[in-house]
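The chains carry the letters A, B, C and D, assigned in the order they are written, with residues numbered from 1 in each.
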Amino acid sequence: MNFASDNAYGAAPEMLEALGAANHGAAPSYGEDPLTARLAAALADIFEHEVAIFPVITGTAANALALSTLVPPHGAIFCHRDAHIATDECGAPELFTQGARLATLEGPRGKVTPEALEQALSGVAVGSVHHSQPAAVSITQACEMGVCYRPGEVRAIAGAAQRHNMTLHMDGARLANALAFLGCTPAEVTWKAGVDALSFGMTKNGALGAEAVVFFRAEHARDFEFRRKRFGHLISKTRFISAQLLCALEHGRWLGWAAAANALAGILANGLGTISGVEIVHPVEANLVFASMPESLVQQLRAAGATFYDWGPLGGGCRLVRFVTSFVTPERDIEMLIEACG
Amino acid sequence: MNFASDNAYGAAPEMLEALGAANHGAAPSYGEDPLTARLAAALADIFEHEVAIFPVITGTAANALALSTLVPPHGAIFCHRDAHIATDECGAPELFTQGARLATLEGPRGKVTPEALEQALSGVAVGSVHHSQPAAVSITQACEMGVCYRPGEVRAIAGAAQRHNMTLHMDGARLANALAFLGCTPAEVTWKAGVDALSFGMTKNGALGAEAVVFFRAEHARDFEFRRKRFGHLISKTRFISAQLLCALEHGRWLGWAAAANALAGILANGLGTISGVEIVHPVEANLVFASMPESLVQQLRAAGATFYDWGPLGGGCRLVRFVTSFVTPERDIEMLIEACG
Amino acid sequence: MNFASDNAYGAAPEMLEALGAANHGAAPSYGEDPLTARLAAALADIFEHEVAIFPVITGTAANALALSTLVPPHGAIFCHRDAHIATDECGAPELFTQGARLATLEGPRGKVTPEALEQALSGVAVGSVHHSQPAAVSITQACEMGVCYRPGEVRAIAGAAQRHNMTLHMDGARLANALAFLGCTPAEVTWKAGVDALSFGMTKNGALGAEAVVFFRAEHARDFEFRRKRFGHLISKTRFISAQLLCALEHGRWLGWAAAANALAGILANGLGTISGVEIVHPVEANLVFASMPESLVQQLRAAGATFYDWGPLGGGCRLVRFVTSFVTPERDIEMLIEACG
Amino acid sequence: MNFASDNAYGAAPEMLEALGAANHGAAPSYGEDPLTARLAAALADIFEHEVAIFPVITGTAANALALSTLVPPHGAIFCHRDAHIATDECGAPELFTQGARLATLEGPRGKVTPEALEQALSGVAVGSVHHSQPAAVSITQACEMGVCYRPGEVRAIAGAAQRHNMTLHMDGARLANALAFLGCTPAEVTWKAGVDALSFGMTKNGALGAEAVVFFRAEHARDFEFRRKRFGHLISKTRFISAQLLCALEHGRWLGWAAAANALAGILANGLGTISGVEIVHPVEANLVFASMPESLVQQLRAAGATFYDWGPLGGGCRLVRFVTSFVTPERDIEMLIEACG
């Protein structure tokens, strides 16, 4: 009963087949191979836009490399207080940017609001050499609370960013889950809504380890290649990363896997919702379920062998806990979890 | 006829089987999985020593992370002028170390000598705040010219390093090729010879993409974990990297693959050696063949479809070129290359 | 009527005499001179403790260099939300530390409380590689709101820091003002209260430009020398910085100047306090006066030629503004300011 | 008998007067003061060109800040093997640039030649992500061997730099000495000869501590302000740095002081040249004298109380030593030095 993270589960069988298919003969190294070219074309197709794409192996690398391309060392990056870049990357954004500042925002359900952004910006002395200068906004889709930004919400944030000459980065570690929920096109929630750069994640969604930085504006590409190399993220046999991403994109598999994970989260949330004393805290729009439950139940579930994250005490003897489903989380495990609540 | 690099070829079929075998059920992320634990045990066994091991995806990451653990920002890293860290990593060592200096040494056939090291050190004002302070030596095994350090040579360099309170790093991107040639144990050419930290590469030798940083002294481990994370190299599904490394180590496969690559290099060198006007420049002790040949022959081979690296003009209308074999370079390609010289 | 900053005023005449006296003949460069040795002795005497001292030219350099010595790149620095390092150094702490995180705390009147510190620490996953690790606390004495930490308050913060294996840094840009107010010894409010490293500022208090980093624990000194050099802060003719600091320390001048500045702030606050609609917001314990006043009065004062900082709107048509006095702010200017309120 | 460095001597008396004159009343901080504005005008006048100027306190800061503005992290800086940035700044250029590479060149008498530059560039794979990309050339005027670049030499280097899309930086720590020797205008040997950025030093020439970064192209200015701040080099009471630089520039004092130092070096060289076994190794074109002398004489001079730098053994029982004169080195000390050779 592993609900700790969507990266606790392995890869889709199709991924391994794709790796096998990619493993024939010689190919140019460092992303000059035909599969990576095909990936670039596939992403341009899916996003309905010219893109510069760069496969990497981790989400932290994708985020930090993308941000360091968008933001000067004296820049500030506005993000939600609970953003992965602010809470789970051990200072990688600051490191990669040579010391840019993360300016964190409050916002309901883990989402940045244009109002919070505008308010934070109202206190900044633009042009003053004493203060980190607004440079980029970063939002997570689906966000860390499992809630999705609607295209209109992204557009509103992008509008605020643009009014202040900032770029917009999207951490799309769970973009597929968001798309499966929103039912919109990838374009509608990214560049059409004002996103400049995207961390396009597949590791949480069927891959062994495959992400890509996607730039919608060509001027960001060249510098990026050097950054990727210098931070050790230019992979010699890139074809094996590209093969994973292509495999996911073909036949819409990525959306299917994400939909499966979302559905499992829904089942889990419904089941937990029937348990007395348990409350589902946020709308379940992706593959994350946040629940308030009594401490005793938390211990009971752990004793039964369930793994999940503790988000801290809530008062009244309750704790906030997070359950994550993946595309292959066994439905039986969810049933066992609910049974263990009894 | 691809002789450009050993990373131009793909992965051993056993690697894909190992990935499939690793792809069952849930496992803790970020290297807390059982396969990574097994890898640690296997490496301790193979090196006959306690080790702290950290899987990563690229050799540049392995080198730069290892060096940044060994070397303070005000340190100097002594290495050969032709070392990969000096010529092919676009300043990654300087970046990861926050500005340490690479102090390059001359030396025959791409190898550092204790004499060159001592001479370089004799000019350093130890303790002076104006000068980067000697902190580590880095050697490549097999070296970039395809020549191997004998254990006694490593010991002599380590001795010089230790006399100056420096640590010794080995870039083992082709360690297997060196071991296959030397016929010694991994221990004999690493910690027994004074190596403190090792970039243990398998990407050039059968893996899709798998390296490990190996520390022989425990005190380097903890800080390293944070560095790996912060530079974006802590991989969530680490089990898929560890599985590759384990696959290589099991049944001595890594040495077998390396021996195969070495043997192919020998065949290639022998064949080229019969061509008039071609001279094999360095002893072929690994899977690299450096040859001097007339410009016209270089063009002839390229026209015939061979890919290989140009190492620059040599005078007399000749150029230095490099051919690399991998464990699966087709022997027929070598024959075709020699035929194309006709 | 310049109340913008204490660094808007120049240097004490004694400072210029001291520079003249230091300007005789040759002396070793880079801090090896006799005046710097005398300064070290004087500081050891004044602090009643062995110290390692390093003159620099700016407070930002002192803070960032000190913190980068105390804090690893993966560390977190806890400080007040209004701390100078958090608000006015454009990311210098992040830059110098290679990406450490500033974790800002709320607290009344600009002061860190042990409670806020403990609460923030309670949410940190100590040892987790995903999160910046608590490494240091930084407090400002007198704080940015012009309020002073009592020795007992510093001890309580240091106690909390030590319980969590953190060091304590004090930004003493206005330490003299605090001492003049508190009436305690320098030792009582620094190392005796648990401070490990001090940014000892004199630029705001009579010097042309002179600060020193003071370490109370010897192990921090060696690494620091290299940092200072590498960040461009090892001054060749250091004697001219040391001469300024010595001049201030001799005959207790620094405390006299600070007392004068504090007294002028008191006069200013008393004067403003008599104005209808004006409220002094914080106790005036140093040379800073924070006042709430109607927007119209702010404009009236600016029109009359007064310069001072705007701290933002307060609601009710009022703004928070800051007046700073220096040791030589003309008392007549204060009278004119009060008159201009009429 | 101090011939260790030109920074071993203090400041010109006029400097102290200028500081006194600058010490009146309040002035805006951080370089917004009238004296800094006057300095900017004076430098524009002297260089006959629009300039962006930034006072700082050390030459290392000036060099590293200027270079980090000109050079991206993946860039390479070409300089002479003996350049101060390569030998005496403990890796500051690498630190400030976030890991750019210094590519050192050989060249007679410490000077870069266009030929050496072109040859080094011929081996660079331009555009390859694996290699630091040529970005800037840095030359020192007068160079570290006390020899001056003629305007034509600078033009030739600049031409080579421009052909490769590189900028040209001049470390002008001893620019005044070079101008005093060359007899040309500041413009002729800087921007008219293709220099883009200049470290304009006065610390070695009469100041207490005052340098300025001078950009001849406006696009470099804005980013620089943030860098200067973030590295701790934005000085609150900048007026006291600007006052020093202005003092030097007024009435041509800087050239007079430099001429005096040069003349003393000439006297010293002439004197040493009469000593049997001593050879002046480089033309004395500034205030540096490099001499070859027997080991025994080196010891004899040190025993007599002379301080000077040892440049290492030369063979034949001789050593290379360096004597530096300043604008106020007592002529009597030189006589004593020569006498001590007897």
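Heads up, the rule we're going with is that a contact is a pair of C-beta atoms (placed from the backbone, for glycine too) under 8 Å apart; a residue touches a chain by one contact, two chains touch by 3 or more.
Just so we're clear, the structure is a prediction, and the values are computed from it rather than from any experiment.
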Trace the shortest sequence of touching chains from subunit A to subunit D and report its length in steps. 1
Contact distance in steps, from subunit A to subunit C: 1
Among all chains, whose Cα centre is located farthest from the one for subunit C? B
So, what's the distance in Å between the C-alpha centres of subunit D and subunit C? 34
Could you state the distance in Å from the CA-based centre of subunit B to that of subunit C? 50
Using the average of all C-alpha atoms in each chain as its centre, how far is it in Å between subunit B and subunit D? 41
Touching at least 2 other chains, the residues of subunit D are 73-74, 89-92, 95-96, 98-99, 129-130, 226, 229-230, 234
Any idea which subunit A residues touch subunit C in the complex? 73-74, 87-92, 94-96, 98-102, 123, 129-132, 312
Subunit C contacts subunit B in the complex at 30, 72-74, 98-99, 129-130, 133, 223, 225-230, 234
Please output the residues of subunit B touching subunit A within their complex, sorted ascending. 2, 4-5, 7-11, 13, 16, 19-20, 22-29, 56-62, 64-65, 89-92, 95-96, 203-204, 208-209, 226, 229-237, 239-241
